[in-house]
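In the two complexes below, chain A is the common chain; its partner is chain B in one and chain C in the other.
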Partner chain A sequence: MCQVGEDYGDPAPEAPLPPRPGRELKCVKCKEGLPTVVIRAGDAFCRDCFKAFYVHKFRAVLGKNRLIFPGEKVLLAWSGGPSSSSMVWQVLEGLSRDSAKRLRFVPGIVYVDEGAACGQSLEDRTKTLAEMKLILQTVGFPWHIVALEEVFSLPPSVLRCFAQEPAGTKGAYKAAVDSFLQQQHAPAPGEEQLSQSGTQDLQSPAVLPTAAQTEAQPPTAAQTEAQPPTAAQTEAQPPTAAQTEAQPPTAAQTEAQPPTAAQTEAQPPTAAQTAALFRLFDSVKTLTAKEELLQTLRTHLILHVARTHGYSKVMMGDSCTRLAIKLMTNLALGRGAFLAWDTGFSDERHGDVVVVRPMRDHTLKEVAFYNRLFAVPSVFTPAIDTKAPEKASIHRLMEAFMLRLQAQFPSVISTVYRTSEKLVKAPRDGSADGPPGTRCLLCTCTLDIDTADSATAFGAQTSHLSQTQPPTPPAEAPTTPCCSAAVGRAQGCCWGAGPCGRGDPRARVIEQLCYGCRVNMKDLPSLDPLPPYILTEAQLRSQRAWVLQEMQEYLVEDSDDEAQTGES
Partner chain B sequence: MAAPLSVEVEFGGGAELLFDGVKKHQVTLPGQEEPWDIRNLLVWIKKNLLKERPELFIQGDSVRPGILVLINDADWELLGELDYQLQDQDSVLFISTLHGHQMGS
Partner chain C sequence: MPAPQCASCHKARAALRRPRSGQALCGTCFCAAFEAEVLHTVVAGRLLPPGAVVAVGASGGKDSTVLAHVLRELAPRLGISLQLVAVDEGIGGYRDAALAAVRRQAARWELPLTIVAYADLFGGWTMDAVARSTAGSGRSRSCCTFCGVLRRRALEEGARLVGATHVVTGHNADDMAETVLMNFLRGDAGRLARGGGLGSPGEGGALPRCRPLQLASQKEVVLYAHFRRLDYFSEECVYAPEAFRGHARDLLKLLEAARPSAVLDLVHSAERLALAPAARPPPAGACSRCGALASRALCQACALLDGLDRGRPRLAIGKGSRGRDEVGPPGAPRERKQVGTPASEAVPTF
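Now for the complex of A and B:
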């Protein structure tokens, strides 16, 4: 056994230190090139091998998971930062490849201008936007720029999950690839479809979509729309220009047509909305809660853009480093139940729009080196926590902790990251109260709150909440009149606000949140500054729950004996 | 006695925010007794270039974890990290991969 101080005989006298890896080393891959970057401990790659390795990893992640079907519309969420920029460039490269290795989906880019939440001046924001547009034009994909302020005009339906049939088996994927290849050989019907989808693109951007619009769009619409051939659409040039020429635009079309139809850019946010956003973020007491809120709002906005423009996948640029940090952060934030969704390759919580993370095999070091060596442009925009001290938020603290550990033990990040890969998205079975499938209002994960579980700190948190207001359907006293007897029960005096006991809007919102979001909302003294769609949806949900409860009473009475019926 | 060196120091990934937003700095390191290595350079940077919050850039005698160092566009891990001896006309790049310096996704 190894013991401290054990004598292993004569130590090699003055063993020469292992030679420091220097430039005399060769690339571990080709054994020829001059190494440029050390990837894992000791693996030095030359420039060319590093590029091949990097590109291969991106394509392998997509190939392995087989989630993105040929011809599918995929929205790339681009922040201007290194990882998402690198992702956009990988897609661009993948589309310009020769046919056999070519990526076959139809990309679009969304950029969310978060300047208001980060306290940027209007002038700085305009400057940043100009920089962003320059890059977007170089890339040439259809793009959508939205300001974070637009959360104030989101429809409540964005918070709903639109169920979709299971994504299909590997057989389905193969069939889709085959039919896509066939379609490519028969371009005529394809063109027809292309113009159809083009028309839709023309119509949607100008008007801010209403709730009805989003709802009206069945989840499958995205898919049918995604079918048109990519070949034409994915040329480096925005496809619509040629299209408009070929097909004389109708009056309606020209009217709705933004610069090039593929691009949407919202009107600059009104001063009132910017002020409202300022007020919202200003009212949040901690940086931790601010970061979480920003993430929530951003996700909703991207989801909305994806839905209104018929994208069925959203690609996020989270790197392996970022995801490992996120995993630990989310554990600390009480989001342990959702780790598999929050950090996995794919996230199906929204139903019709699936979030995928194709950069999850790349470390930030690889990303930074790739972007530097191959001149991938990225735009630096101050984040909400720029220049914040290390202990300003759980996010910052966890990042510093992980990176410092990583500096001493170079496999920490990859170990954590590999753990995240193994997490299984098991649907929570009916142990929680409420109907199955009840979802958190904010993060739209299946609720992890279990009021029966009162022995734990978790339960204590919930029971504390239930003291402020009666728990969701008070099962013991279903017939408690909620109003004075004078008002007929059938009319439901509190129709508008739900049952009396839950008239408090704050309690009504809080009870619809998962544990993590509840904790987070504690740092929001008032819910009033929240965007209306959240509050509206909360109200709708509690009304629905109340109606459902009412109905259930009747059902119980119906099936029960007469004694109970007489009671009421 | 090492002769004065002319070196390009560059900051990226948001690290430039700690340097008045200036990315590229052409600097002349004065001649000194011991040769200039990265360890000395960091001390010099802290004294002469860094405008605020040194703890966000330097930790101990090295850079804060999460900040990458490239010497002439190659990983400093290949070149002996802090012990690399600077040559005239070298370029040293510091890229922050930290979130506060950069947006995550």
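Now for the complex of A and C:
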């Protein structure tokens, strides 16, 4: 016994360590480095391997989907939070890589200042904005700061879907990459001199306007400073040629745009607009509906920024964890038909501007560790549900539930996430759709409402016979007694709890909404505080529908369903 | 504070606020509205055609009690006839009391009642025996897996026995909402793709099944039972409740508190979920032993019983398929003959 004890006597001081050397205190990937992060149970990564793993994931998502074409303008939606900050940093890093692995799109950043909706004071908002700008300047991409108040000056066209020819085939992507590479390489051998000098020429004017700006606007100074290092790099480093070749498009881009377009910063919103926004959010009765409204307005604003500045893609920084929570939340909000749109990699509902979610393979834990290890700056801004009790909204409830369940069953989030990938965007077959082509006024999804009389959850809530009369066979019950035949579009008009008819603006808006948006609207007692673009577009649409219907009466239809129409 | 007037008849004092709409109604108006809604579901969904012989799966609990009562009220108008079918799982101390409640109901409503027992259908296996057999396998929770699969089969057998053309069960909107939440949390894309409707039209020779209460929330079901003074049995089964469904149930309660329409919103989502064709389960075949609907060589009920007979109860519910499709000892022929259903009916038509 003593012998044995003496054997171990020496390493006794290291007593807490023994189990660890036994388990190889090495990174699971390279088997050499000192592990710093355990992402999944048992998988310890060293710093470098973790970085490689993280970066690879980001690029793999983009590479796998092949949606972002070289040279395309991409707007990064940045909230200041960890995930979107990490996304911006990934893009920044991807753009500064050597030529073969460089990301080839042209990024810009949009930040939406939601302080007014989240109850921030004006001083706090200016403070947050200053912090944001500091980070934006170090990043050096063109940026756009918009205040949520600007929804009051949005044009109604934001709500329209501009169809675009599908460019998504793999062949098209390959062709685009090839032509892009050719554009870059073609001038190189032939007109090397010219291109070189061209680059120089282009670059100096590119700097000049910003320098001019520097005098006008103090904040741009840092931005201008951020520019020269890249130029210096271009000259100093050996792979200069490749980089200079890659430079022209961006430089040309900068020149092509009016120099001021690089950074747009809205004038501070007027007090009247802020007050209007306050009034709007104050009038919403539940936090659930507030969160949904905020999300809707934010999406519209970002879409507007993207359209006015010619961005054809918007990148959102939703992480895998966030998407799993969002999926379950939207399920509970009655948005089951749109889950694939709301949480999938790409979202083409707006037509000309496609929303992509490149962070969807990263868990929140990975994001947090990466940001900490590699000092990715992020800014904390109070959200609309910050400090709200857990039961205050469906969103908060679902978030708390999922995170708690994840602590008990560590695979829940990834299970939900993987299930979401099996969802498709096409409507479920066999389900009755609204009139073809009609889209929800607010979320721009194809309407998912049934006829008021169907045996569905929607039909059960809209059918009338339940409320008033004692049971009668529905054959005798008229469909919707309160809607006159002239109006015709009976469904939904009675869900708004308002008097019916073409004149009632509330009914007019409600009938243009999908199921989920209708439920939210029930928490909004009056539509008046809504931004004008929504109301205007609603009026336009219902007018158009009405005209169409008027016209329909005079059109002679040459088909065989006359007998049917006669019956009904 | 005096109760407000009923919003529907404007005569009686309101006795409740409807959970769904917040409307203040008197008991009579509420019950009438509830019945009208079930009628609407049945008629608009074309669930039960006139002339149907409907087997109501009666457990003695609130849902099936309310379902049987509502359908009995509606039967003349729908032109259907009702048969109560109860299943005796053989759970000592629990099922006997529930079955007593079912017998009382049947006697009061003068509806024919048929009780089918696991012990008779499945070669002597009662749930108590199954529980004893699975107890050694570590997870007593799997009891519910056995019981659920076997009850489904037993109900089908019972319905055939009484010559029913349709089977109805008392699942309500809350059950549906819980199931959707749970299937997402478990990643069960197959069930998500299949579920959502009000029932199945009866593929592969199985009787058409439907859930007429699926659009009524549990609260309303309880309220209806209260106002109609229905006598039902409300005790939890002695075997462990399903742990994972418990999470979904708790969540649903919280969601409903945050937004009263959440239950129906979830049902709407479930109706509208669109899954990739690859996620849909393959077309069902027939069980090689009993001829019932099956997605593998043996239907789940036969597979479970097979495992039990061979002393390996985890066989069909455990991970992996090793040994599952091996032919066990030729089990006691416990096919339909035992309950007197002609075997020819079991042959599915493709």
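The rule is simple: the second predicted complex is superposed on the first by the 403 of 568 C-alpha atoms of A that agree within 3 Å, B and C clash if a C-alpha of one lies under 4 Å from a C-alpha of the other, contacts with A are read in each partner's own complex, and residues count from 1 in each chain.
The rule is simple: contacts are C-beta pairs under 8 Å (C-beta built on N, C-alpha and C of every residue); 3 or more make two chains touch, one makes a residue touch a chain.
Please read all numbers here as calculations on a predicted model, not as lab measurements.
Participant: Regarding the shared-chain residue A:530, is it in contact with chain B (first), chain C (second), both, or neither?
Facilitator: In the superposition, A:530 touches no partner, neither chain B nor chain C.
Participant: Could you look at A:321 and tell me whether it touches chain B, chain C, both or neither (first, second, both, neither)?
Facilitator: Touch status of A:321: first partner only.
Participant: Mind working out whether A:75 is in touch with chain B, chain C, both or neither, as first, second, both or neither?
Facilitator: Neither partner.
Participant: Should A:516 be classified as contacting the first partner (chain B), the second (chain C), both, or neither?
Facilitator: Only chain C is touched by A:516; chain B is not.
Participant: Go through the superposed model and pick first if A:422 touches only chain B, second if only chain C, both, or neither.
Facilitator: second
Participant: Tell me the contact category for A:335 with respect to chain B and chain C: first, second, both or neither.
Facilitator: A:335: touches chain C, not chain B.
Participant: So which bits of chain A does chain B touch that chain C touches too?
Facilitator: none
Participant: Please output the residues of chain A touching chain C within their complex, sorted ascending.
Facilitator: Those residues of chain A that touch chain C are 286, 288, 327-328, 330-337, 339-340, 391-394, 397-398, 401, 405, 412, 415-416, 418-419, 422-429, 431, 448, 453-461, 463, 465-474, 515-516, 519, 522.
Participant: In their shared complex, at which residues does chain A touch chain B?
Facilitator: 20-23, 25, 34-38, 44, 77, 79-84, 316-318, 321-322, 325, 364-365, 367-369, 372-373, 380-383, 385-390, 395-396, 399-400, 403-404, 406-407
Participant: Applying the document's contact rule, which stretches of chain C touch chain A when the two form their complex?
Facilitator: 8, 20-21, 23, 32-33, 35-37, 39-47, 74, 77, 173, 180-181, 184-189, 192, 196, 198, 215, 247, 251, 254-255, 257-259, 261-262, 264-276, 278-279
Participant: State the interface residues of chain B toward chain A in the complex, per the touch definition above.
Facilitator: For this pair, the touching residues of chain B are 12-14, 16-18, 52-53, 55-56, 64-66, 68, 70, 73-75, 77-80, 93, 95, 97-105.
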